[in-house]
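Order as written gives the chain letters A, B, C, D and E; numbering starts at 1 within each chain.
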C-alpha cells in the first residue's frame, strides 16, 4: 500500500524544486530592489566617498546584476548564505540562534491554540446554532480580528505593568541574559538542562503572555476550521450509521466524526503553526522577543540583503516543509489515498 | 531588582553593526567601546578638558606639527600584554589602512594610507610621536583621538593572532582586544551586549562585575522596566516617559548637552531658496520657542548658531524669533509675496516629524506650502547626499570634539561644490552651499597658534555666517537624557563619554 | 438521418486503459442502447464520440464524416447530447432563456425568439418557462429544457446518457415518451446509455452490453425476454434484470 | 432503476439576481452577528463618505498647546502628542481603510479569479505552471511577504497596498481553481462545449458566475486579514506614513505614550478590531447564506 | 399478532420548514415485511428516521409510536441508545457513504456488537466473522481488514447488513438498501437480507420507490404521496390497487417485453392530498 506514496512524493519533490527556484528568484528580486542602502548602514552618515566605495565593492554590489544572481544561487546551493551586515555573523548561524526563540514561542502558542481550538471547534459544531456555538464563534472571530500587536501592548500594560503577574519584555528577566549555557537555544530546555530553575521560572513567566496571545489568535483559526470540518462530517451518512448502531453522542463525535477530521486538523495545525511566524513578527516587536521576526524586521530596515533573503527563504522552506508534511500525513493516514 | 554587582542598561543598538573600533558608526557603538578600549587621551566628562588616559602626559611641538605621547608604564591590555607605542601606532594606522568608516576622522585631519606610517612615529617602547600632516590645531587632533573608534587602542599582538588578511576585522566584530575596564563577553546584534569586568584592569577596578546592555528600542519598555526595577539605566527614553519618570522618586533623570543640532537644511540648488532673502525669511519662520518647549525637551535646547554651546569660542544666540510679518516682508523683497510651493523632507522619527510639522505650519503662515516627505534615514539623507531636496529637517553638524572647527567643517565648509566631488560628509556640499571666503576663514582659524586670536577669528566666522545666512539653520542644540535608579551612582549621561567603570550601587 | 459508426475506439487515462477497443455501428434513425454495470465505460464512449474528450484513438463517423475532421460548428449541429443528471446539466445561474440563446448566439442564428419557443414547445413546455431558473423547475422539466437545448441546433444525432435514471418512474415515462415522439417527428439517430434493461427494451432496437470497457455482445431488443445472449456476462446481466423484474 | 444518492437530488440551488440579494440581506439580518457586521460596515462607509462633516477637527492640524488631552467633550477620543483630535483622525482614517480594502479587492478579485479559473479549466500544464506560481506566493505568510515587498518598494501607503495585493491573490486563485475543478466536469460545461462555446466564453459565462459567490465571500473574509496586515505594516512603520491618519500607524506612534495616554492606542485599536470583526462576521454569515464548501480551503 | 411497531398519526416537520414532511401516517408492523413506496420526496425516509428517533431538530408528533413495550415518543435518549442498534436498526442506502471511510469494515461491525454486548475484542471478532459469513462473504478474514473504499458496492452493502443484524434486532428498517447497486448484485443482496430476516423472524420495513421490488420482497405495501399514506395493500394485490396514484406508478413503468407504445403518464391531482388527510 505504501508503493504509491513514493512516486507521488517524487512528483512532489519536483514540484517543490520548481517552487524553490521561484523562491530564490523572488528573494533575490526582493533583496536587490530594496531602496535601503546597506552600505550606508555600514559606513554611517559621515563617511567619505572612498570608504563608501570600498565597502560597496566589498559587498559585491559593483558587479552586474546577473552575476550577482549567479553568485547568489551558487552560494545558496553550497549552503553559503553569507554574513549578516547587522551581526557580522554567518546568516545561518544567526538564524540557528533566533529561530529557536521563535519556535519556542510558537510551540508554546500552538499547544495553547490547538488545545483550546480543537475542543471548542468540536463543541461549536456539535451545538451548531445553539448558544455555545454562537459564543465560541464570536470568541474565535474576535481572536481572528484583533490586531495582535495592539492586544499585545494592552496585555503587557495590564498584566505586566498593572498587575505584575507576568514578566515583561524579552525571554527572561534582563539580568539572567547571558547566564544560561546555550546548547539548544531553546531557553526552557537550556535552563532546565543546566538546572537553573530560577531562570526557567523567569522564562516561563515571560513566555506565557505572548504565547497565550498568539495561541488565542491561532486557536481562532483552528476553532473555525475544526467547526467547519466537523460540520461536514456530522452531515455524512456514516455518522447516521454510527448513531443507528446505538453509539452514544460522545462516541459518535469523537470516534467517528473526529477520527475523520484528524488528518485535516493536522494540516490546519501545521498551517497555523506556520502562520504563527507571521504573528511572531508583530508580537516579537511588542515584546522585544529576540526571535526570528525581530531579526527579519530589523535587518529589513537596514537593507541587510543576505539576512533578509535567507530569512525569506527559510520561511518559504518552512512553509513548503509544513505543506509537504501534511501532504504526506494525508497519504499515510487516510486509507483512501493509500 | 537587579543584582548588586550587575548593571543592566537599556539603550537602542539599532545602529550597532560591528564592534570593530575601525568600522563602527554612531554613538551607541562608541558607548559600548568606551568600556572596552582606552583611548590615548580623554575628555573630562564635566569640563570637556583633555585629560590623560593611556598616555600619562604629552607635549605639543613648537610649530604645532607634532605631539609626543608618553604612555603610562602601568597600562596593560586585558590580555595581560603591556600597552606599547607600537600598539598605539598600529591602532591609529589600522582604520586608514582598512579604509573603514572610522578612517573618516583621521582622513579629515590629513592622514592617508600613504602617510600614516610615517606620521605615527614610534620613538621608543613607551613613546609615540604623532606628526600632523597639515597645518592644524593639535588640540583638535587630540580631541579626535579621545573618541573610541579613531582613538581606540588595540592589542596588536592579540589582534594579529586572530587576523586573516583583514587586520582582524572579522574577529573584532565580536571580540575585544582593549585595555579598558571591561571586556566584551558577548554581543548579539539588536539584543544585548554583555561586558565583564577586566579583573586585571590597570586602573581602579570597577565595582560592577558584569554590565548588560540591553537593546530596548521602545522607550515605554525601558520606562516600564525602570519602574519595575528590571533596569538600572535607560539611555533612549522618549520625552513623555522621561517626564513621567521625573515624577518617580526612585528614578533620577539627567540631561546633558551633546554633539550636533536639529536644523532646517536648505538646498542652494533650488533657485528660490538660493536667494538669501528667502533663506533669511525662513529663519523667521521657525517657532524656536514653541518647538523647543513642546517638542524638544530631553532632545534639544534652543540654539541658533551651528557651534555647540560647550565648544571653544562658541557665540551667543543671535536671537531669532518667529516673526511672520518680517518673513513676509523678506519674501516680498525677494519677489515671492504670496509664498511658493516646496517640499520638506524628514525622517520618520518622532521629534523630527514633529518639528517638521511645526515648521510646515509656520511656513504656511507666510504662504509657503511645504509638502512633507517622510522616509527612513536612507531615503531622506540619501536624497540629501544626492543633493536632491528642497528643505529638510535633520540632525547633525559635528561637535563630538568641543572645538568649533568640528562643527564648522560639518556644517558649512565646502572645498569643492561640483556634483562630482561627492563630498557627502560635508553638509555644505550636500546643501550646495559654497562660500570661498568662509572656507578660507575656517582654514585660517584652525591653524592659528594663538588661542586668543583664534577665539576672535571664530567669533568673526560666526558673525559672517549669520550675515551670509548659511544653508543649515539650527533651531535646537542636541541634548541627551538618561534615567537611572536613584541608588546607582556615577552614571555618565553623554553617550560619547559614557563609561561604567565608576558606576556603583548604593544599597 | 445519419448513421453512426464507431471503430476501434480506445482511450487510456493515466495508467488505466478505460476503453481498450470499442466498435459498433448504428443505423440512421435507429435507437441504439448501451448497457452495462457502473464504471463499464458507457459514458466514456459517448464522451469520446462527441469529442468532449479528444485524446482517444480510433475513428467515429457520423454520416460520412469523421467527427475528428468536422469543424466545431458543424459538429455541434450534427450531434448533441443529453446528460444523466438534470440537476447538473443546467447551469444553476442561467435562466432557460440564457441556456437556449447561448447556442444560437454562438452559431449566429437568427429568429432566436421563434427558435426558442419552437424548441420549448417541442419538448412540451409553455414559453413562459423561458424566464425560469433551474431551481424553479422540477426534475422532469429540467430534463425537458436540457433536451430543448440539444434540439435547438437541429442536430442529426442525439447521445442520451441515462436521460431518465435520476427521475421518478412517473416522470421517466413522460421523458421517454417525449424522446420517442421526437425521434419519430425529426428522425434522430439515438445512442442511449442506460442500465435499466426495461428502458432499453422500451426504447431501443438494438443494444450493446459493455463490461470493463469492452463490448461483450450486441443484441436485438427481442433477445432480452428470452435471454438469448451468448456471452456469459451478457446472459448474467439480462438474467439478473429479468429476475429482478420477475416478469411472468 | 436507480436514483442518485439523496444529497445530489436535492442539491441546494444557488440564488441569483436581485431577488436573491434581498434574500441574502434578509438572511444576514436574521443572524445578529452578521447583522452587526453589516451595520458596522455601513457605518464605516458612511463615516468615510461624510468624514469632513463628521469630524470635529482637521485631522492634520496640530495644536501643540493641547497635546495628549484625555477624551472630553471637546475631543471625543482625546488628542495625540501633537494635539490632533483622535476622533477626527479615526473618522478620516476610515477613508484610508476603505481605500485599502477597495483597491485590494479590485486588484485581487479579478487576478485571483482569472488565474484560478484558467488554471482549473485548462488543467494540465497551464494548471501546473499557474499553480506553481501561486504556490511560490503561498509559501510565505502574507505579512512576511508584504513586509519584504514593502521593504523592496519603499514604505508608503501605495506600496503597502501593492504589496498586500501581491500577497492576497493566491488564496483566491486557489479557491477559484478548486471551485472550477468541481464545475469543470459538470454536465452543463460539457453541454456548453458541445454547443461550440469557446473556452473563453465558457470560463466567462459559465465558470466565473459559479465561482463568484465563494470568491466574494473569501474576499470578504480576506478583508479582515487585509486590514490587519495593513495595520501591521503601518505599525511596523512600513505602511502608511505619518501624518496620514492610518489606524495602524496611529497605534505605532501612540504606543510611545501608551502608559500615560491610553486613548492614543485604544481607539484606533478598537476601530481596527471592529472593522476586521465586522468583515469576519459578514463573511461568515455570507458563507452560511451561500454555503459553498470550498471556502475554507487555503 | 402483537405488533412490534405501532405508529399512529405520525407527523414530522423539519426545523425551519413550514410544511409537514410527513403527516398522518399510521401503521402496525408484526413480524412481517412492510414496504413503503412512493416517489422521491414523499417522506419515506423521514418515516424511517422518525421511528429510530434520528431527527434532531425536527418536530415529531404522533398519537402513538410504540416499539414493543417502549413508547418511542417519550423515552429518554439515554435509553434510546440501548434500543437503537440493539433492538432496532436501519440499513442505509449507499455503502459508499454510510461506512466510516477510515475504519476497517470488520471493526465497524464489531463495534456495533460491542456497543451492546459485553464482549472481548476477540469474541467480537469471531462473531463478526460469523456474521460476514452469514451475509455470504466468501473470505471474511480478508474482508474484515479491508477499508470501505476497497470493497465493491455489493460487498459494502453486505457489510452494512451484517453490521445492522449483528445484535439480532427485532426491527430492521431498510432505506432503499439496494438502489445504489448494479442490477446484477441487487438481487443477491436483497436475497441475503430477505433470508436473514425470515430466518430470524425480524420485522422489516423496506423503503423503496421501486414497486416491483416491494412486490416481491414484502408482505404488505404502504404507498406514500406528499408525506401521506394514500393506500395500504397486500403486496400480492398491488395490481388491484384502487388509488389512481398507485395505478399510475405501476403503469408508468416500462417493462421488458412490454408493448413499446407511449407509456401511460401519471396525472397528479390535488385531491389526492386532501383525500388522504
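Methods note: contacts are C-beta pairs under 8 Å (C-beta built on N, C-alpha and C of every residue); 3 or more make two chains touch, one makes a residue touch a chain.
To keep track of the chains, here are their UniProt names: A, D = Peptide/nickel transport system permease protein; C, E = Peptide/nickel transport system ATP-binding protein.
As the structure is a prediction and not an experimental result, all values here were calculated from the model.
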**OP:** Determine the shortest chain-contact distance, in steps, between subunit A and subunit B.
**Re:** 1
Subject >> For subunit B and subunit C, chains touching each >> reply: D
Subject >> Result of counting contacting C-beta pairs for B-D and A-D, higher pair >> reply: A-D
Original post:
If every chain is reduced to the average of its C-alpha atoms, which one ends up farthest from subunit C?
Top reply: B
Original post:
Any idea how many Å lie between the Cα centroids of subunit D and subunit E?
Top reply: 49
**OP:** Take the average of all CA coordinates in subunit C, do the same for subunit D, and state the distance between these two points in whole angstrom.
**Re:** 46
Subject >> Euclidean distance of C-alpha centroids - subunit A vs subunit C, Å >> reply: 54
**OP:** State, to the nearest whole Å, the distance from the C-alpha centre of subunit A to the C-alpha centre of subunit E.
**Re:** 51
**OP:** Note the residues in subunit B that touch 2 or more other chains, in rising order.
**Re:** 218, 224, 376, 379
**OP:** Identify all positions of subunit E at which a residue touches two or more other chains, and write them in rising order.
**Re:** 40, 93-94, 97, 209
Subject >> Set of subunit A residues in contact with two or more other chains >> reply: 35-36, 161, 301, 303
Original post:
subunit C touches which residues of subunit E in the complex?
Top reply: 39-40, 153, 182-184, 186-187, 209, 211-213, 215-216, 248-249, 252-258, 260, 262-266
Original post:
subunit D touches which residues of subunit A in the complex?
Top reply: 15, 18-19, 22-23, 26-27, 29-31, 33-36, 134, 137-138, 141-142, 144-151, 153-154, 157, 161, 224-225, 228, 232, 271, 274-275, 277-278, 281-282, 285, 296-297, 300-301, 303, 308, 312, 315-316, 319-320, 323
**OP:** Flag every residue of subunit B that touches subunit A in the complex, lowest number first.
**Re:** 2-3, 6, 8, 14-15, 17-18, 23, 25-26, 99-101, 103-104, 107-108, 170, 173-174, 185-186, 188-192, 194, 210, 212, 214-218, 221, 224-225, 227-228, 230-231, 376-379, 381-382, 396, 410, 422-425
Original post:
Considering the complex alone, what residue numbers of subunit B touch subunit D?
Top reply: 218-220, 223-224, 238, 240-241, 244, 290, 294-295, 348, 350, 353-354, 357-358, 361, 372, 374-376, 379
Subject >> Residues on subunit A engaged by subunit B in the complex (per definition of touch) >> reply: 35-37, 40-52, 54-55, 84-89, 94, 97, 156, 160-161, 164, 168-170, 173-175, 177-178, 288, 290, 294-295, 298, 301-303
